[in-house]
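Chain naming follows the written order as A, B, C and D, and within any one chain the residues start at number 1.
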Amino acid sequence: MAERRFAEGDFEARVRTSFARQRAMETIGARLTVVTPGVVEIEMPYAQRFTQQHGFLHAGVISMALDSACGYAAYSLMPADAGVLTIEFKVNLLAPGRGERFLFRGTVTKPGRTIIVADGQAYAYDGEGEAKLIATMTGTMMSVVGRRDIEG
Amino acid sequence: MAERRFAEGDFEARVRTSFARQRAMETIGARLTVVTPGVVEIEMPYAQRFTQQHGFLHAGVISMALDSACGYAAYSLMPADAGVLTIEFKVNLLAPGRGERFLFRGTVTKPGRTIIVADGQAYAYDGEGEAKLIATMTGTMMSVVGRRDIEG
Amino acid sequence: MAERRFAEGDFEARVRTSFARQRAMETIGARLTVVTPGVVEIEMPYAQRFTQQHGFLHAGVISMALDSACGYAAYSLMPADAGVLTIEFKVNLLAPGRGERFLFRGTVTKPGRTIIVADGQAYAYDGEGEAKLIATMTGTMMSVVGRRDIEG
Amino acid sequence: MAERRFAEGDFEARVRTSFARQRAMETIGARLTVVTPGVVEIEMPYAQRFTQQHGFLHAGVISMALDSACGYAAYSLMPADAGVLTIEFKVNLLAPGRGERFLFRGTVTKPGRTIIVADGQAYAYDGEGEAKLIATMTGTMMSVVGRRDIEG
């Protein structure tokens, strides 16, 4: 696992283009707010249509946004011809998904040539703008080259 | 962790009532198809609005349905006055989320009084009805009693 | 991730040779008892020198044996010139590591060309030979070819 | 999950007493070096008898020390009459366990009354004292009160 520490010049454009193709992000109302080499942030408002039985944001929606944040943090460090696939992730739910809006940050912990490990945090913001850590993720991403169905 | 092996009489009604309150399940088009003590199945059709950048079902949507399946498998074995919370889960994505419809099964592996561990499988079905295992989950659920905001 | 379903002819010899090089297995008193394509079993006796503070087998020792079982289950399906590396694993501790001896089984869930996912179970046996499931693992293994320091 | 932010006065003595009862720590040559509220560090030298087939420290040994570091980080914030149990953990192996000595740090991410989540890092040190991050853990620990077999 040789390390790749530097993002290629157009990394932000590639991340934004790929994110725009994630229909699921549009559907949950998520926006890409920060794209730097190895760190990506996504924000979304609370939405009743994505709640679980107690009225909190569903753990799966939190996972969806964290997976995209971690995946694009990894993708930002990949070569221009690579696609990104999530191999696996683990999510710990630390507090209920209660708040007005949510921020999801993905950060690359280990940049490898094939395997990239990223860690994520999810925060809930209340009406006063106070943030609370509600979930963490560790995800393993794979850089895939030369597969027509895995581009971007 | 004393074990609780038997479901209380009305477990199916309790599971179905709680599931119906998960707005996220309705939003992704998921239906509850099987509810037996310790085993729950959920099905949903492929939907473009929940895809990632390659057109596959987003890993987060797969996680959402698996989390609900595992959570309700756990809930089916809880006492009538308990609510269920997901503490954490891990998902392995084994194959792309490509198919016409998807089935998610959650099964209790370890029924404890406070902590319940459940394992899940996600299958994709193509036009001929052939099933392919696309993801697995291991989730840790908690039985919560006496909290007004965690009922069902 | 093209699938590799068949073990190469000498898989058992390769697994046994590699296992014999794991000094940690000898140190904890573990023996390789079953080696079939995609399934490997390891057994070990209870040993006080590997206990945690309550006198149970330490979760790390359970993980060690499960990791080896899952890793060799994966390795049994790899080509003869490959080495195996563990990328990550998750362990759920379901019951205390209390017993006279322990059995650890690793089974390949998803055989890929580069990435192989395996699931493991750990059982404790008491004096009457009754088995109890005490832990489960899901592990992600990687097939590595052409690296001098990763052979076998 | 009401939060418990403060360690009780004798937390360090309780952690050190419990650690001293972990025979597995003595067996792998691990020492407790740092005990502060919510953060615990453990160190151990490289030992050939705990290697895997390529001569690296076995992932299970890394997990063992990380589990103890995370578990005692959690335990340091528990009330004096509680015992600590690991419910589950996930480990990502980022680089081979190659080095002269190793440091394992566990830090509480979410202190709950019953459930405590801790994150860990493992570092390898070479002959020049250069550190390399070789593994990370996320673990879920449980505070157990009133069970005779789970004290400390």
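By our rule, a residue touches a chain if its C-beta (ideal position, glycine included) is under 8 Å from a C-beta of that chain, and two chains touch if they have at least 3 such contacts.
For reference, the UniProt names are A, B, C, D = Medium/long-chain acyl-CoA thioesterase YigI.
Model, not experiment: these values are computed from the prediction.
Asker: Give me the fewest steps it takes to get from chain B to chain D if each step has to go to a chain it touches.
Answerer: 1
Asker: Identify the chains in contact with chain A as well as chain D, in label order.
Answerer: Neighbours common to chain A and chain D are B, C.
Asker: Among all other chains, pick the one whose mean CA position is farthest from the mean CA position of chain B.
Answerer: Most distant chain from chain B: D.
Asker: Any idea how many Å lie between the Cα centroids of chain B and chain C?
Answerer: 28
Asker: If you average the Cα atoms of chain A and of chain C to get two centres, how far apart are those centres in Å?
Answerer: It comes to 32 Å between the two C-alpha centres.
Asker: Indicate the whole-number Å distance between the mean C-alpha point of chain C and the mean C-alpha point of chain D.
Answerer: 22
Asker: Considering chain B alone, which of its residues make contact with at least two other chains?
Answerer: In chain B, 87-88, 90, 92, 117, 138, 140 touch at least two other chains.
Asker: Indicate which of the five shapes (line, ring, star, complete, other) describes how the chains touch one another.
Answerer: Graph shape, chains as nodes and touching pairs as edges: complete.
Asker: Quick check: in the complex, which residue numbers of chain C touch chain D?
Answerer: 18-19, 21-24, 26-27, 48-54, 58-61, 63-68, 83, 85-93, 96, 149-152
Asker: So in the complex, which bits of chain D are touching chain A?
Answerer: It comes out as residues 1, 90, 92, 94-95, 109-110, 117, 119, 133, 136, 138, 140.
Asker: Give every residue of chain A touching chain C within the complex, in rising order.
Answerer: Chain A residues touching chain C: 87-88, 90, 114-115, 117, 138, 140, 142.
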